[in-house]
């Protein structure tokens, strides 16, 4: 976990703005740390989600209004994270968002967490679009019917108006 | 924060079984701790909620089925916690539940977190019963109407069949 | 939980800037919510802590450097919260910080969480200053000695250089 | 996300005891869920960690005492999770632990989360052993020296006495 010295000739090369669809700042608070004195690894998923949410919001996508309208929502289908170096209390981090693939029903991201020019965590997150299986009033009528209730979402094609606002994916090959 | 030696003559006096409506064991995991090396104070609210949930479940109360049936649910209205001594990774704790007051719309608890015979945290938690304001299909129809959506619950009287299963409160005067 | 209509004549009166020592914005993400569709009540403690941390940081107080130097740290000693109205996914909240009392060993805050001009949560948080009981190398030498290890902090007077940067308390009488 | 009917002839076949090194029960509480009405995906990492911790503890491995003695600790180096079906409030889950590979400095696990005979989440978790780089008093002396402080752990060989208690790995090929 040694930190390579950074020569003045190449400052912050990896965080070159055009390579990312979005960058999001995160400060590390007590809530994020664990008794090892570092950020609890599970919390990087939260940091990455915050960055995707702000990016979607900046694109004009209102997750909560679509969810409450019963139109559907993105849920996380797969995550792969490599924890390279630890972050600590008070650290100021940058979480990056890159869309690497857009499919009919899912979107794949490459995400990273940086402290200045040090890469701390690398991740791949795939999210899938789901729709409610039944109208909500139906689920109310069948309350207590666990079997029907437990699968109230199903994978679905991403609505065209969402696809329309998504950017062109950037190949993950250089990641 | 010194620990007084416990004489053999008074082992675990404070955790006398009959004083509690419920006792619930909690092990401290990495997720519960912070960089101070101790349990993050906010997590005691989680420990206390787990204990109340198991107690309600043992009484035959199904929170999730009532919620999904639109009949209502308990939400937390007020919490007061005093953090006396810290818990640490791997500690085996006991969370206690005492009902101290039952009102028309709310139930008040005294809760404690113990490590063996050492009291770590003392709390008061008041929960209130709420019901959906409107049928869910109505909220779907009005999606995007934030004003209507944001208050979709309202305080209500606790249903008689729930009151029927609650135990007689124990005075908090000695707490 | 009804929302009173807000007349145009009194916009945001309660969030008048001079009444607060600090104001901090919080966006509600998925991680903050629970199956009731609202922010999990325990998470307001996190929001309030983030606001206090940013306020301390703005005052020039470095929590992590003092902690790692073994000089001491603030730990939360008491919290009282009233949950008035729920916050929801995507909500943009403002968390306020008011110092209401400064003692020899503790600082008391009144904190609130607002969504625009709607007060959602009111809280009192008291933090106490603690110092390591023993040098860290001593604790290493005694590893496995649970009795000595478990109380490695003790309450202490707040260092003068911290007191020097704290603002004059604002009376909580109108809170 | 449909659930296949389970014939009485094949009850819980996938959770056959001998295939796992450990099985750990988890109840879903409010704290675990999000506004989608399901368990927040990031929390499966917590469930899996709890299961590994109880398994290590059952083997006689005291994480906290080794950490506090400065001997070292396991940190999570990599996680891959596939979220197949959602878990909900009040669900009773089983988290399984299988050691699939033991290297000099890391241990790899296959972990699953089940609700009865329904597989909800599949994961791979790799943990690495790390040791403090410097004695703790040295880190105190250099407080404020961020460059030295930030890498206070380094990867190391797993101590022989820990290797001695680990079980024979089970091939992940059928996972």
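Some observations on this one:
A, B, C and D are the chain letters, set down in written order, and residue numbers restart from 1 in every chain.
Assume a residue touches a chain if its C-beta (ideal position, glycine included) is under 8 Å from a C-beta of that chain, and two chains touch if they have at least 3 such contacts.
Computed from a prediction, not measured in an experiment: that's the story for all the values here.
Looking at B-C and A-B, the interface holding more C-beta pairs in contact is that of B-C. Using mean Cα coordinates as chain centres, the one most removed from chain C is D. One simple way to say how far apart two chains are is to compare their mean CA positions; for chain A and chain C this gives 27 Å. Work out the mean CA point of chain A and of chain B, and you get 32 Å between them.
A separation of 22 Å divides the Cα centre of chain B from that of chain C.
Chain A has residues 30-31, 35-38, 42, 46, 49, 64-65, 67, 88-89, 149 in contact with two or more other chains. Listed in rising order, the residues of chain D touching chain C in the complex are 30-31, 33-38, 40, 42, 65, 68-71, 88-89, 135-137, 139-140, 143-144, 149. If you check the complex, the residues on chain A that touch chain C are 27, 29-31, 46, 49-50, 53-54, 57, 62-65, 67, 88-90. For chain A in complex with chain D, the residues that touch the partner chain are 1-3, 35-38, 41-43, 45-46, 49, 64, 67, 73, 75-83, 85-86, 88, 130, 147, 149-155.
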